[in-house]
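The following blocks contain the structures, represented as C-alpha cells.
In the two assemblies presented below, chain A is common to both, partnered first by chain B and then by chain C.
Let's turn to the complex of A and B:
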C-alpha cells in the first residue's frame, strides 16, 4: 500500500473519530435524555401524571404561616397551594413538590413543618381523592410565572412523569403588605 | 474496497461470514444493553399464582383459601366507639385461610384488586383511627383460633364507593417477590 493511501486511511479514521466526538458532544447528556416527562396542565383542571392525577384548586401568598400554635415567618413569601390528589391504578404517594420560577430556579417544599401530603407520608389509594394544602417559600423578588412541580418519585425523577402547573400569582410581594398569618389545610379525603 | 485476492475472491466472498454474524451480534448487543432494565421491569410486575380446582392456592410453602371479601360496616375506634369511613368511601374486610406446611408462616403483604384492575393496600391511612390491624399471616394474629392446622388472616381496605373487589393478592416478600397468590372471589 502506498504511503499516500496509508495517510488517507489514517486521515479517514481521524475524521470519523472527530465526527463521533462532535456528535456525542452536541447531543444531550444522559440525564437530559432521561429527564422527567412533563405532564403540563392548567390551574383548576385535572392534570394526569403516570401514577396520579392532581388538580390545583387555589393558591395564595402569605407572610406568615400558623401551624398549630407556632408562627412560621420567612425571609421571602409563603406560597400556599391547595391540591386534590388521586392515585390512578396503584397505591402511590407524592414525594416531590417544588416551585420553579421564570428563571428556572427551583424551590422545594419546606420541611419546617410536617407536610405528609407531598412528603411521601400520605398513601393515596386508587380513585379516592385526597385534598389538602402545601406551603413553599420563594424569594420576595420572584417575578414571572411560578410553576408547581409534583412527582411520585423522591430524588431520581428520570424517565417518569412530573406534573407541571403554572400558578396564577401576580406579585408575590403583595402578601407582605398583609402580616396576618394563614393556616394550612391538613390532608383529608375529598368530598 | 480492494479487488479480488490471490484466490480470486471478491470483497463480498471474503467477508461473507462476518456479514452473517453482524445481525445476531447486533441483536445480542441490544439484548445485553436492555437486559437489566427488562429484568427490573419484570420484577416490578409480579405474576399471579391462581387457585387450583379446589379453590386453594399453593404458594410460598403455604396453602391459601379465600373465605370472604365483605364490606366492613362494624369497624370500631381503639376506644370501642363506632368508626365512620369518609363519605364516598367503602371499607372492606378480606379474610383468608392459611394452611402452613412448615412451622412458621412467612410475613405477608395483602392487597385488594377490583374489577377495574385497581390495586389497594392493606391498612390504608383512611383507617388509621380504626381498630383494624394490618394482616401478617402469623398464627398469633389470626382472628379465630387455629384448628386442624389452619388459621386465618384478616385485612382491611378502602375503595371508592363504586368499586367492586374481585380478589386479594398475597405476597410473601421474604420468599418470592416475583409472584403473588391471587385469591379470587
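Let's turn to the complex of A and C:
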C-alpha cells in the first residue's frame, strides 16, 4: 500500500469523524427533542393546550402587592396577569406558570403568597371557566417581549403542550413611578 | 500464535489495524498523524486552558459561585423561639445563616434549601435547612428567580442539649450542568461537590427580646380567597402564603 494511499485512508477516517461530530452538534440535543410543544396565541384570545384553554384578559405592572393586610415589595417589578382558564375534557389543574423574557430567562410564579390558580390547588372542571390573577416577579431591567408560559405539568414538561402568550407590556420600569400597591384577584368561577 | 490472540478476537483486529496504520508506516507518516491528531484535538477544545480549581475557603461577603446560584455568606446567629417556625422541643434553638443569593441559571430555582449546609455544629436535627425566609419581609420561601439577588435567612434546628456553637462553617453546595446518564437530558446535577466554605463566628441572639428583631419570619395572614368580596373593579385579595409551619 503506497504512502499516499494510506494518508488518503487516514484523511477519510478523519473526515468521517468530523462529519459525524458536525452532525451530532447540528441536530437538536435531548432537551430540545423532548421540549414542550408550544401552543402559541395572542393576548385576549383563547389559546388551547392539551388539557386546558386559557385567555389572558389583562396585564399590569406594579411596584407592590397588597395581599390581605400584607404589602409585598420586590426588588424588581410585579407582573399581574388576569387569566380565564377552562379544562377541556377532564378535570385538570394548572401547575406551572412563568414569564420568559427576551433573553430566554424564565421567571416562575412567586411562592411568596399562595396562588392556587396556577399552583395546582384549583381544580378546573371541563366547561366551567375560572378567572383570577397571578403575580410574578421580573427584574426592572427586563426589556423586550415578555411571554407568559402555562402548563398543567409541575416540573416535567417534556412532550406536553405549553401555552405561550406574549404579553403587551412596554417598559416595566414605568410601574416603579407609581408606588401604589395593587391587589390580586383570587380565583372564582367566571360569569 | 494462538496464545497471543484474545478470545474475542479484538486483540487480533486491533493489532492488525495498529500494524497497518503505524508499525508499517514510514516515520514521516507517523509524524503527520501526530500533528493531525493534535490539530483535531485543538478543534474540539483540547488546547483550551483548564480553569483553575476554585479556592474552597472564603471570607464572609465573598461571592461564591455554585453553578446555578451565587452566594455571599454574611453572618451566622443563634436564637430561641422564632415564630412562626416551630421547634420540635422548646429547649431546642435555631441556628441561622444570612446570605445574599443570586440565581445565575436561566430559570427560577425551587430547591433552594439545597444551597447551604453547615459544618462544625453538633446536634442539628436536619442536614439541610429546616426552612428559609426572605429577609425582605420574613416570609418563608422556596423559590428564587434569575438575576434577582435576595438576602435570605436559612434556619437549622439544633438540639438544646448540644453545645452552643461559637463558630461554624457554611458549605456552599455546587451543581454541575451536565447530561443525565439515564435520561440524556442536560440539567443541573448534584455531584455532591462543595463550591466554597466560609467560617463565621456565631452571634448569640437568644437574648433579643424585641419581636421585631431581624431576622424574624412573620406569621403570614391566611385570609381565604373570596372571603371578602368587593365590587368588580376592586378584586378580592388572594391569600398570602402560610408555609411557615410545615
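By our rule, the second predicted complex is superposed on the first by the 168 of 191 C-alpha atoms of A that agree within 3 Å, B and C clash if a C-alpha of one lies under 4 Å from a C-alpha of the other, contacts with A are read in each partner's own complex, and residues count from 1 in each chain.
Criterion: a residue touches a chain if its C-beta (ideal position, glycine included) is under 8 Å from a C-beta of that chain, and two chains touch if they have at least 3 such contacts.
This is a predicted model, so every value here is computed, not measured.
Novice: In the superposed model on chain A, is it clash or fit for chain B and chain C?
Specialist: Partners fit side by side after overlay.
Novice: On the chain A superposition, what angle, as a multiple of 10 degrees, is formed at chain A by the C-alpha centres of chain B and chain C?
Specialist: 100
Novice: Using the superposition on chain A described above, determine whether A:156 touches chain B (first), chain C (second), both, or neither.
Specialist: Neither: A:156 stays clear of chain B and chain C.
Novice: Looking at A:91 after the superposition, I want to know if it touches chain B, chain C, both of them or none. Which is it: first, second, both, neither?
Specialist: It touches chain B, and chain C stays clear.
Novice: For chain A, which side has the bigger count of touched residues, chain B or chain C?
Specialist: C
Novice: Given the touch rule stated above, what does A:21 touch, chain B (first), chain C (second), both, or neither?
Specialist: Second partner only.
Novice: Go through the superposed model and pick first if A:123 touches only chain B, second if only chain C, both, or neither.
Specialist: first
Novice: Should A:137 be classified as contacting the first partner (chain B), the second (chain C), both, or neither?
Specialist: A:137 contacts chain C only, not chain B.
Novice: Once chain A of both complexes is superposed, is A:189 in touch with chain B (first), chain C (second), both, or neither?
Specialist: Only chain B; A:189 stays clear of chain C.
Novice: Using the superposition on chain A described above, determine whether A:3 touches chain B (first), chain C (second), both, or neither.
Specialist: second
Novice: Aligned on chain A, what is the least Cα gap between chain B and chain C? Give it in whole Å.
Specialist: Across the overlay, chain B reaches chain C at a minimum of 12 Å between C-alpha atoms.
Novice: Do chain B and chain C land on any of the same chain A residues, and which?
Specialist: In the superposed arrangement, which is not itself an observed complex, chain A uses residues 188 for both chain B and chain C.
Novice: Can you tell me which positions in chain B touch chain A when the two form their complex?
Specialist: By the definition above, chain B touches chain A via 86-89, 116-121, 124-126, 157-160, 163.
Novice: Any idea which chain A residues touch chain C in the complex?
Specialist: 3, 6-7, 10, 14, 17-18, 21, 29-31, 34, 66-70, 72-73, 75-76, 98, 104-108, 110-116, 132-133, 135, 137-139, 141, 183-188
Novice: Considering only the defined contacts, which chain A positions touch chain B in the complex?
Specialist: Residues of chain A touching chain B: 88-91, 122-123, 125-128, 188-189, 191.
Novice: For the complex, give me every residue of chain C touching chain A.
Specialist: Where chain C meets chain A, its residues are 21, 25-26, 28-29, 32-33, 36, 40, 44, 106-108, 110, 134, 136-137, 139, 141-143, 145-150, 179, 183-187, 220-223, 225-226, 234-243.
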